[in-house]
Amino acid sequence: MKNSFGTALTVTLFGESHGEEIGAVADGFAPGIPIDEDYIASRLAQRRPTDGLSTARHEPDEYRIVSGVKDGYTTGAPLTVLIPNTDTRSGDYAETDGIARPSHADYTAYCKYHGYEDRRGGGHFSGRLTAPLVVLGAIAATALVERGVTIGTHIARLAGISDRGFGEDLQEDIDFLADCPFPVLDTASGSAMRDAILRARAEGDSVGGVLETAVTGLVAGVGEPWFDGVESVLARALWGIPAVKGIEFGGGFAMCDRRGSEVNDAFFMGEDAPETRTNFSGGIQGGITNGMPLLFRVGIKPTPTIAKEQETVNFLTETETRVTFGGRHDPAIVHRARAVVDAVTALVLCDLLAGRYGTDYLAEG
Amino acid sequence: MKNSFGTALTVTLFGESHGEEIGAVADGFAPGIPIDEDYIASRLAQRRPTDGLSTARHEPDEYRIVSGVKDGYTTGAPLTVLIPNTDTRSGDYAETDGIARPSHADYTAYCKYHGYEDRRGGGHFSGRLTAPLVVLGAIAATALVERGVTIGTHIARLAGISDRGFGEDLQEDIDFLADCPFPVLDTASGSAMRDAILRARAEGDSVGGVLETAVTGLVAGVGEPWFDGVESVLARALWGIPAVKGIEFGGGFAMCDRRGSEVNDAFFMGEDAPETRTNFSGGIQGGITNGMPLLFRVGIKPTPTIAKEQETVNFLTETETRVTFGGRHDPAIVHRARAVVDAVTALVLCDLLAGRYGTDYLAEG
Amino acid sequence: MKNSFGTALTVTLFGESHGEEIGAVADGFAPGIPIDEDYIASRLAQRRPTDGLSTARHEPDEYRIVSGVKDGYTTGAPLTVLIPNTDTRSGDYAETDGIARPSHADYTAYCKYHGYEDRRGGGHFSGRLTAPLVVLGAIAATALVERGVTIGTHIARLAGISDRGFGEDLQEDIDFLADCPFPVLDTASGSAMRDAILRARAEGDSVGGVLETAVTGLVAGVGEPWFDGVESVLARALWGIPAVKGIEFGGGFAMCDRRGSEVNDAFFMGEDAPETRTNFSGGIQGGITNGMPLLFRVGIKPTPTIAKEQETVNFLTETETRVTFGGRHDPAIVHRARAVVDAVTALVLCDLLAGRYGTDYLAEG
Amino acid sequence: MKNSFGTALTVTLFGESHGEEIGAVADGFAPGIPIDEDYIASRLAQRRPTDGLSTARHEPDEYRIVSGVKDGYTTGAPLTVLIPNTDTRSGDYAETDGIARPSHADYTAYCKYHGYEDRRGGGHFSGRLTAPLVVLGAIAATALVERGVTIGTHIARLAGISDRGFGEDLQEDIDFLADCPFPVLDTASGSAMRDAILRARAEGDSVGGVLETAVTGLVAGVGEPWFDGVESVLARALWGIPAVKGIEFGGGFAMCDRRGSEVNDAFFMGEDAPETRTNFSGGIQGGITNGMPLLFRVGIKPTPTIAKEQETVNFLTETETRVTFGGRHDPAIVHRARAVVDAVTALVLCDLLAGRYGTDYLAEG
């Protein structure tokens, strides 16, 4: 399955930046999950270009759910979300046809699809396709909340500026982030990050960063050994998000420089079950949840579309050329990617829980 | 598929540390790949505990291929490799039954399998199960070499000590690494790393590190958009390797702190096709290879089994306790994990190439 | 994957009889397959209720391809076809809510989805969902024709009336069937079948029958041993078509009453390769094509919706009741199912060929 | 996955007739299923060549379970069963190398594997590979029995001789069949069938037949719509069994000649839930179980290996030749195939139930 992820809950993505509609099918939602339109809208808003921080295409994200929902609840049949492309302006792209935007997928798409690919605006590779994922992810998150599972993501670092880490009261942090359009835990860090974005924009450049995600409320015993461990399935799906360059769980790369005695997670008897004093394992051991919060970080590269002149080639004419992108683009997508990371995480967790406890599990509440 | 990865070439892993046999089935090898026993032996040797650097279990790794091979060539039918467990000494484990080794999978296995799991020596979660992967990976690598694809991995960092990066002549570095039992590019760094391992061992502790892998010779256009991109499928499979805590491609996390203008890969016209001046993309754009070398790094945590006393619980008796591991164990597995990373990479690349060019592709040479 | 079939080419079906849109996504079409709108229209016409033989819902089947096609060719990205539901008349169904139509999926859907299912008009189980399959199948058939593969299906039996079997010149028969709205090889049999349908309709009853399909031009060596043999993958997909009660390949059930010496297919040297004198194997041995025509039959039960009064229950109220369906319905769907069998067959063959020869194979012509 | 079936419970088959070992891996068994060695042995005995009715290879079927079982219970990790090949006598086959046995897979294997295939005794296509399936199926059946699900198969027809159908007391019939080595419900029919087999053997010929299977105790609501319906998944797996030429559910092909009013299954209120007066649906509507017994029939062709002289080709030399098989072979495998049909059915049902109710479901009792 090329454009799909998930086993018990399978998500398939389709569409092109300048095609008629983009969308996704989720096959495997339990029947009876409520469709919370306000919540979906709030998550879509978090993915949308932020006023002041973006010069990118503004689309209303008016989605339609055309199957799998009746009377405000999932039916259990495949749920399809469609979003029409309205503000397509293909004219922007016609004269640059064949020019490989550096660090975009234009050239690789050409290598794979032999010129039949839709090249306008990144075509099928456009980050715009993450919008339907956010709709599906909001539905998944609604199901998870009923089972006590919550997900929160903040910008751990942007343009080299760090937010504070998750605090002692992790649930409070997650709840706080839910309504943040620019998700940082420390206000001062947030201001510095916004300034860095504006500065990059003014200079025709872009910045990247790192998102950090925490999940609370997951029972112990979810996930499979080896190649369907929680890390494996999450990483596979998260790496589908454009611009991801690194993923680490728990202590991540930093703990690889330390000694076992420093980063082993000592167990003690918690109220109901064993818990660990530290969480370098990120809530997972042997691919399976241990009841501690799930913790991971996703590195997002600086947006490759920049206004500065760049050296490149036109692969249709096989000539060298130079490009300067005057059109709309984002000086940063880290804060926008957060809604997508949350969405993919929610969908993957629903998949894992449905695989573990059966397809009805998520609707039982 | 729980213990499997791959679509056109599917690998399924089975066995327990102290069971009768461990093994793996590879379904989808092209017919006609030669079985190079010397090469398989050399890769198994690289995975084996290194004299002087290890106190771990020494097994001869005497494997048998019981299906899918005839007259020294793959037949195209499922290829099964078996390795008997001989040096099992279950007595080591009996008296510690129910004690959760910190940062091991003992407790999560119990949560998932309700006590039916084989707990001896980590059971199904034991790193020992990577041995059959190495056999299969060596067969995959043989097929790849015939198509001009080579894979090399070095220890980029161990206990905080860095090796030099891959050099201008990447192929030379890859060829050099092929025969290194302790794979570093800079001899002095290698000595320092070995000293760090011995020091950790002497102190009953362990160290971790980072492996860096390069792949040359991959044609452009391999991989799928979104969730079956090269990063996604590699990450999914690599995260099956025990102790992996982070994966990054190309410029990785570090490039997320920089600006787009600094890390975009400018194209120019190479001899036959477009190439890029830098390779922050790690040879992949939009999930698809661009003809440049594939580059990624895998973070390996310090071995969790250490001789120092640790706080933990017995999950069977639900009591707190303390553990000290006097038995055999490794003060580092980073250098041994290298053969496994190479193997998994080779298998994933065969899968991708077979999916792209058909199941016969790899044997056509 | 619940509502999907195929590995290299995956088709996912969605929608409900009275929902907003029905549709399907095909992920894995080679880039460069031409979209032949006339041909698609002709296949949709063959699936549509036939004037005179049907009282069923007439919908224009106005489909839109909203992704995966550009400038008249497939791009290689997921191709999504949507068909809006216009003539929905849910009023027909409201007052019968909870009444299990005998031999329909109303009750089983309720058992599975706990009442959240869309019950109007069969909901997600409606035969109407086969329309997008026909669109996708027509695209697949276009690709196959370029590789010399043609598919033809006739009504081998309807209401117990038999058509003649495929003749010596199989290709001629297949070509003849291409434009038959009521696909029979013998005109007299066709008239008798039409009469039987009209008679059943007049009596408020329905009839079933058997479709026979032949495929020419398939190379030898396609398919996999055991559970991905050609029979396995075709049967799995064909059994998704509503009303299928039996599938047989080659000599089928009848040859099971005979002796080996009578039904073994003797080989002889044909012009280019070995051929068989008879074709009881249906073109497949050990799950793999042998170069002879593929032959199979699919049994289609009489349409369960009939005008006669029937005994049943209301599963919502858990009471017994009687039903008489006055609304639109088909006295036979055998002839209409033919376009669906052809479509599914074409999609499965594209999947098998893409798996065998790589994803580009089908577009190379 | 080529040699695999199942999603929540995946079975992968490997080995060759004359290889070192044949075997299978089942990944997804719930932890805690008891291993009943006597029951496994009894099922293997039913698959073994029957004294008097067979001249085929006699192997002890000494299986070893080398992973996934501890202390007599499944652990939840992949369960691997191995059976060594002892009585291989490859000498039988050497001089006939390249001769395509009519209606065997020799030639198609050659087309697919280009001569690298193991051709001895049918190689990977040998019916001998069904033995490990029987071991796994017996474990699955043990799990099902604890949930009230029982499976029984009889020879509905052999050499054209019919057994009586399943009777009013279906459970009694299923229980009766459990211990029948030659599974027929009517003793006289059984004698006639045995005579027909002996007669065919005496004449160097073979006979085929039809197996009929019933499953009781399945809850309503199991299975998925469209392409993962119970028929689809069962048919896919059953068609992996060598010699299967047809599959039909419930009323099958015969009901396709009748009218809707005759074969619709009227509902009435049973003690606990709706039931149907007849069972032409075979316990399935819309791919989902309705709580009635599952009913299907599998057509098994006459064994293709016969002693009579047959016309054929040698595909290595591309010459025509004639063959007479003097070696061991079966004049009928219908009765032996019964254990395999039961096994595959049990494994598929465990897969469906695990998918529906979670991986622990089958062990909860």
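Descriptive notes on the structure:
Going in written order, the chains are labelled A, B, C and D, and every chain counts its residues from 1.
The rule is short, and it goes like this: contacts are C-beta pairs under 8 Å (C-beta built on N, C-alpha and C of every residue); 3 or more make two chains touch, one makes a residue touch a chain.
Values in this document were obtained by computation on a predicted structure and should not be read as measured data.
Contact count check for B-C and C-D (C-beta pairs in contact): higher for C-D. Note: the chain lying farthest from subunit A is D, by mean C-alpha position. Look at where the CA atoms of subunit A average out and do the same for subunit C: the two points lie 38 Å apart.
Subunit B and subunit C have CA centres that are 45 Å apart. Each chain gets a centre from the mean of its Cα atoms; for subunit C and subunit D, those two points are 27 Å apart. Among the residues of subunit B, those touching two or more other chains are numbered 1-4, 7, 13, 77, 112, 124, 225, 360.
Across the interface of their complex, subunit C is touched by residues 1-5, 7, 13, 100, 102-105, 107-109, 111-112, 124-125, 129, 157, 159-160, 200, 204-210, 219-229, 231-233, 235-237, 239-240, 242, 244-253, 255-269, 274, 276-277, 280-282, 284-291, 299-306, 308, 310-313, 315, 318-320 of subunit D. Within the complex, the subunit D residues that touch subunit A are 7-8, 77, 225, 355-361.
Per the touch definition, subunit B reaches subunit D in the complex via residues 1-4, 10, 12-16, 19-23, 25, 27-28, 31-32, 64, 66-68, 70, 73-80, 82, 112-114, 116-118, 123-124, 360, 363.
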